[in-house]
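Structure below; questions to follow.
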Amino acid sequence: MRGIQIQLPSEFAVLEPLQIFIEGLGAAAGVEEDELSSLSVSVIELVKNGMEHGNGSDPGKMVTISVDSFDSRIRFFIDDEGTWAPENAPGFRPGEGEELLSTRGRGVLIARNLARWVEYGLTPEGKTRVTLIWPLN
Amino acid sequence: MRGIQIQLPSEFAVLEPLQIFIEGLGAAAGVEEDELSSLSVSVIELVKNGMEHGNGSDPGKMVTISVDSFDSRIRFFIDDEGTWAPENAPGFRPGEGEELLSTRGRGVLIARNLARWVEYGLTPEGKTRVTLIWPLN
Amino acid sequence: MKIHEKMKDGVLIISLSGKVIGGPDLMNVKTAFQNAVNQDIDSVLLDLGKVSWMDSSGLGIIVSGHTTLSRAGGALKILNATKKINELLIITKLSTIFETFSDETEALASFGE
Amino acid sequence: MKIHEKMKDGVLIISLSGKVIGGPDLMNVKTAFQNAVNQDIDSVLLDLGKVSWMDSSGLGIIVSGHTTLSRAGGALKILNATKKINELLIITKLSTIFETFSDETEALASFGE
């Protein structure tokens, strides 16, 4: 499956439908049943970040998810309308001590662990693009 | 919810995930539980037509579904890469006699009946655009 | 979609469950009708009670089953059409073609009449 | 997501079911913890056995419940974390903070110790 693109406004109401859609696409692409929720958790974490941090939760700003499957892997791009700056991006490792009890800062960590391959970068136009690659067995 | 867009290759494998996604979006937009499957049947009928008749089932050609909700209605555009010609479009009414036993020709009829408002037209670029409007109570 | 088949009182009951949506899956239903004819079974009851979702592709398959069986001198009847499926049968006027039942015993008996 | 609450042996058992996903729904869980403290209940057992899906937003809410209760001198413990939720607790090292149980009686008894 190539060329799938899903553009969504930065509204939390779309997350639940999206979660099911991602699992359905994953299943169609050959992701194993018991890995589907890990896939959808990873993607949803990154989409939420795009909505919140990239788009400032502005419903007029979009997050665009591109899905392409290749031999033995699926690639997701999660693009938002912001421009991600590496210096503003903590949360890639679990906090220690007091920080462990933060109510936030676990999204990227979880996505990186479940998906194993998550990279932050920019689209050709300089907007934030997160790339997630999911291997197929 | 405004600005939702879903671009899909002309492959039947995406239909089942799409069906669930459409129902999820419908629910989030306020469509009643027991109307959700009629909504998804209508949209899927039109998407299948875009894939088959508009795009000749070429997986490299896309169907794009745009979803916007307005006061008390949701509007769907279902665009394909073909150019629909009115003279090639039967199937808007049930066949009679022998035709009743055709294995095809019921998609538009069903969509029109379940959704009540389905119009064929062209995008600004002259590609096929089907507009479906679903009222919210 | 899943297909389950069983013989009862000389009638082949084909039960579908899950989503009957366009795609290669549907060929299996077509094959089931053809197999029945090949085995000289001419009474088929299609149980749709567990179908959660169906569109025109499903109707197409049912019509093709009807045609396959009629040509062989047999009949296809429908058991447990859900409210949503009944709606589709009415919209498409296929309700004028198919005998539908909500009771298996009654449906089976009707083939003998 | 649904929230169900019941008292048992002086412990408030809050059970979540369905999907714990980002959005306004989560405020209800936060409120449930706050209500407990307001009612001088300091032992809360969070039953996650029927949670079908959870992400970092869910973890955030659980941590905030932990903080709310700890400040009031109480404790939040977890019952029936699914395999997937356990995985999240481990990835985020929250497993070092929370006592988790798979048996309700044992969990309830632990509050008395």
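Each chain gets a letter, A, B, C and D, in the order it is written, and its residues are counted from 1.
As a convention for this text, contacts are C-beta pairs under 8 Å (C-beta built on N, C-alpha and C of every residue); 3 or more make two chains touch, one makes a residue touch a chain.
Just so it is clear, the model here is predicted, and its values are computed rather than measured.
Counting only chains that touch, the fewest steps needed to get from chain B to chain D is 2. Most remote from chain B, judged by the distance between CA-atom centroids, is D.
Between the Cα centres of chain A and chain D there is a gap of 26 Å. Centre to centre, using the average C-alpha position, chain A and chain C are separated by 43 Å. Centroid to centroid, with C-alpha atoms defining each point, chain C and chain D lie 49 Å apart.
Along chain B, residues 13, 16 each make contact with two or more other chains. Within chain D, no positions touching two or more other chains are listed. Of all possible chain pairs, the ones that touch are A-B, A-D, B-C.
Residues of chain B that touch chain A in their complex: 1-9, 11, 13-14, 16-18, 20-21, 23-25, 27-28, 59-60, 62.
Taken together, the chain A residues at the contact with chain D in this complex read 12-13, 15-16, 19, 37-38, 40-41, 44-45, 48, 94-95, 100-104, 106-107, 109-110, 113-114.
Only residues 19, 21-24, 53-57, 59-61, 63-64, 66-67, 84, 87-88, 91-94, 96-97 of chain D touch chain A when the two sit together in their complex.
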